[in-house]
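Structures follow.
Both of the next two complexes hold chain A, though its partner changes from chain B to chain C.
== the complex of A and B ==
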């Protein structure tokens, strides 16, 4: 019973803060709301028997990636950027299309997406199980991701560093 | 035990909110945050199905998606900094250098 209460509370938190992200004009408020939404999703991972992923979610997403977002928002001083409402028709179409998309997605997911024949099973997502899987079956993607991160560092420096500004 | 459908419905709603943000906002950073929201909705779906099937592959996918999202955020935000240097704005309507 308790876990249902926790689920509904944090589902509501995740959805409300996600709405704040897309509706609020101030990107700083948006970024902090996104952090709150990510924390609620970390609770969802705990409910799904994946506490290791919940820790990763908090450390990597709420910690590292969102700090990067906030840093860029502060660096570019975007707190007071006005967004004039120049295209009301397109904006209305965007809201309408995404509402239709949401309704359709929820309808089909709740109707078709789950194989009812399968009994729910408990599975172990300890750090040990994930680490063993990571260094046996997934060793190649793991190394590729490390190279990708290196490439991303170099790319970010190329795009935002002094050299890029000088070329301009 | 909470049914898997509920997690899938939550994930669908969060994904649709992300789509709405991408379609209706013009602030580049906000659009980028909406994309992160969609990535997280997909992650939730992966973990929900991983628990349903009782196997670890979905969890491994989420692990890699998180690493790739970090790389993507670094490069994307660098692109926005570069755009800001060029146009003094991160309104995506201003980013029309390749406009035909």
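== the complex of A and C ==
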């Protein structure tokens, strides 16, 4: 009973703030709403008996990435001017694609969703279990991702270095 | 997720939450008094000494003043975020303490009270609000949200100085969070657990360095982890925005930084958040590096007496660290901003990494 109350409350929070992110004109309000949405999502992980993932969700997304987003938004000091609609076809395609995706999602979720308790699965979400999977079974993709991130950092350094030289 | 708890557990939890929350709230007026008298002591002047004995009631006078001041919302401010920002700052400061153990667990015997049997079969009382197996990660998760209070306040105020404070705070806190977390990783490697009660247990007892006098097995005294201790304390100062790292406020440059436009109780909330964050940080330093509730050279019995003694030891250690916070604030001047960033990225972050390697080597050599 308690779990249902907590679930529906935080599900509502996550959805409402996610809507604010895409509908609100002000980028700072959007970023802060996304933090609230991430936080509500972390509560879902706690309900799924995965406090490790919940903590990581908050540390990585709400605590680190969104602070950087906010930092950049504030530095750019975006003025919210209404942009004229220059690409009507693309806009239509965007709306159409999102609507199709949403409809498909609702259909499949309602088809396969379970409203009763699943049988207990042998699946551990402790830090140790996740670490073992990452560094044994998934070591190659894990290292690939880190190389991808390294490439992004080197790329950023290259770009900013060139720009700094050009200004001088 | 299945929970197995009965009425006794719920009552005990509520009592724990109430005790910790009240203690945390009461730290604020005491610390304000300590800060003002301490600064006066260090600067060789009397300080507040008119309200009550030794000016002890000065904090209550301050609180009354805050309540009576006009609550101003600037015309250009973003009203919603401006109003909510002080609570963003306060929430992490209030909740983080939940996973920090503040005493030795003890066994409560079954007893009769008013014709009812309490603590049926006896049970262990663990003096921590939630003893989750990822305690330290919860601390960092909540602590990383602390920056939003400052950033939201600075942006919503629509004031250049507030904005500068907010931008500086976000850059600074991201930078030092890395050093802080990595310094804690050393301790977690040694303890082999993310649970803070395990970290404290690992530090109880003594060890002999080169067969001389027994030293308490606290992580700060460990030859493998003292670097992490130094890094953690310095990064802790930066995370709580205290001098010499208070660039979010920097009175000399930014008027009052992110809370320039705030008045009345909203300002008081920022003030409270700062002192609560300091208390939480002190409790965390004590837990991770200074043995938590452990009394050096003494084996606390698993009874009520041992519990009381261990709580007293924990409170004494936290109080000592809080005084260090005040002491440092009035002794060391503010750094320059570029020096702060250089220190964070080029000194403390590599040192934290180095310490992880050292601890790993110690574990590989079976010295820990």
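Quick notes on this one:
In the analysis below, the second predicted complex is superposed on the first by the 124 of 168 C-alpha atoms of A that agree within 3 Å, B and C clash if a C-alpha of one lies under 4 Å from a C-alpha of the other, contacts with A are read in each partner's own complex, and residues count from 1 in each chain.
The rule we apply is simple: contacts are C-beta pairs under 8 Å (C-beta built on N, C-alpha and C of every residue); 3 or more make two chains touch, one makes a residue touch a chain.
Bear in mind that the values here come from a model prediction, so they are computed numbers and not experimental data.
Within the superposed three-chain model, A:29 lies in touch with chain C and out of touch with chain B [touch as defined at top].
Once the two structures are overlaid, the count of chain A residues touched is higher for B than for its counterpart among chain B and chain C. In the superposed model, A:13 makes contact with neither chain B nor chain C.
When both complexes are overlaid on chain A, the residue A:76 reaches chain B alone and has no touch with chain C. By the touch criterion defined above, A:127 reaches chain C but does not reach chain B. Once the two complexes are overlaid on the shared chain, A:153 sits against chain B while remaining clear of chain C.
In the overlay built on the shared chain, the residue A:68 is in contact with chain B and with chain C.
Of the residues of chain A, those at positions 3, 47-49, 52, 56, 64, 68, 75 touch chain B in one of the two structures and chain C in the other.
Considering their complex, residues 1, 78, 80-81, 132-134, 137-138, 140-145, 147-148, 151-152, 155, 163, 166-167, 170-171, 173-174, 177, 194 of chain C touch chain A.
The touching residues of chain A, when paired with chain C in their complex, are 3, 26, 28-29, 32, 35, 39, 42, 46-49, 51-52, 54-56, 58-59, 62-64, 67-68, 70-71, 74-75, 126-127.
Residue ranges of chain A in contact with chain B, taken from their complex: 3-4, 7, 11, 14-15, 18-19, 21-22, 27, 30-31, 34, 37-38, 41, 44-45, 47-50, 52-53, 56-57, 60-61, 64-65, 68-69, 72-73, 75-76, 78, 81, 83, 86, 91, 94-95, 97-99, 101-102, 105-106, 109-110, 113-115, 118, 120-125, 129-130, 133-134, 137-138, 141, 145, 148-149, 151-153, 155-160, 164-165, 168. Across the complex, chain B meets chain A through its residues 1-10, 12-21, 23-27, 29-30, 32-34, 36-37, 40, 43-44, 47-48, 50-56, 59-60, 62-64, 66-75, 77-82, 84-86, 89-91, 93.
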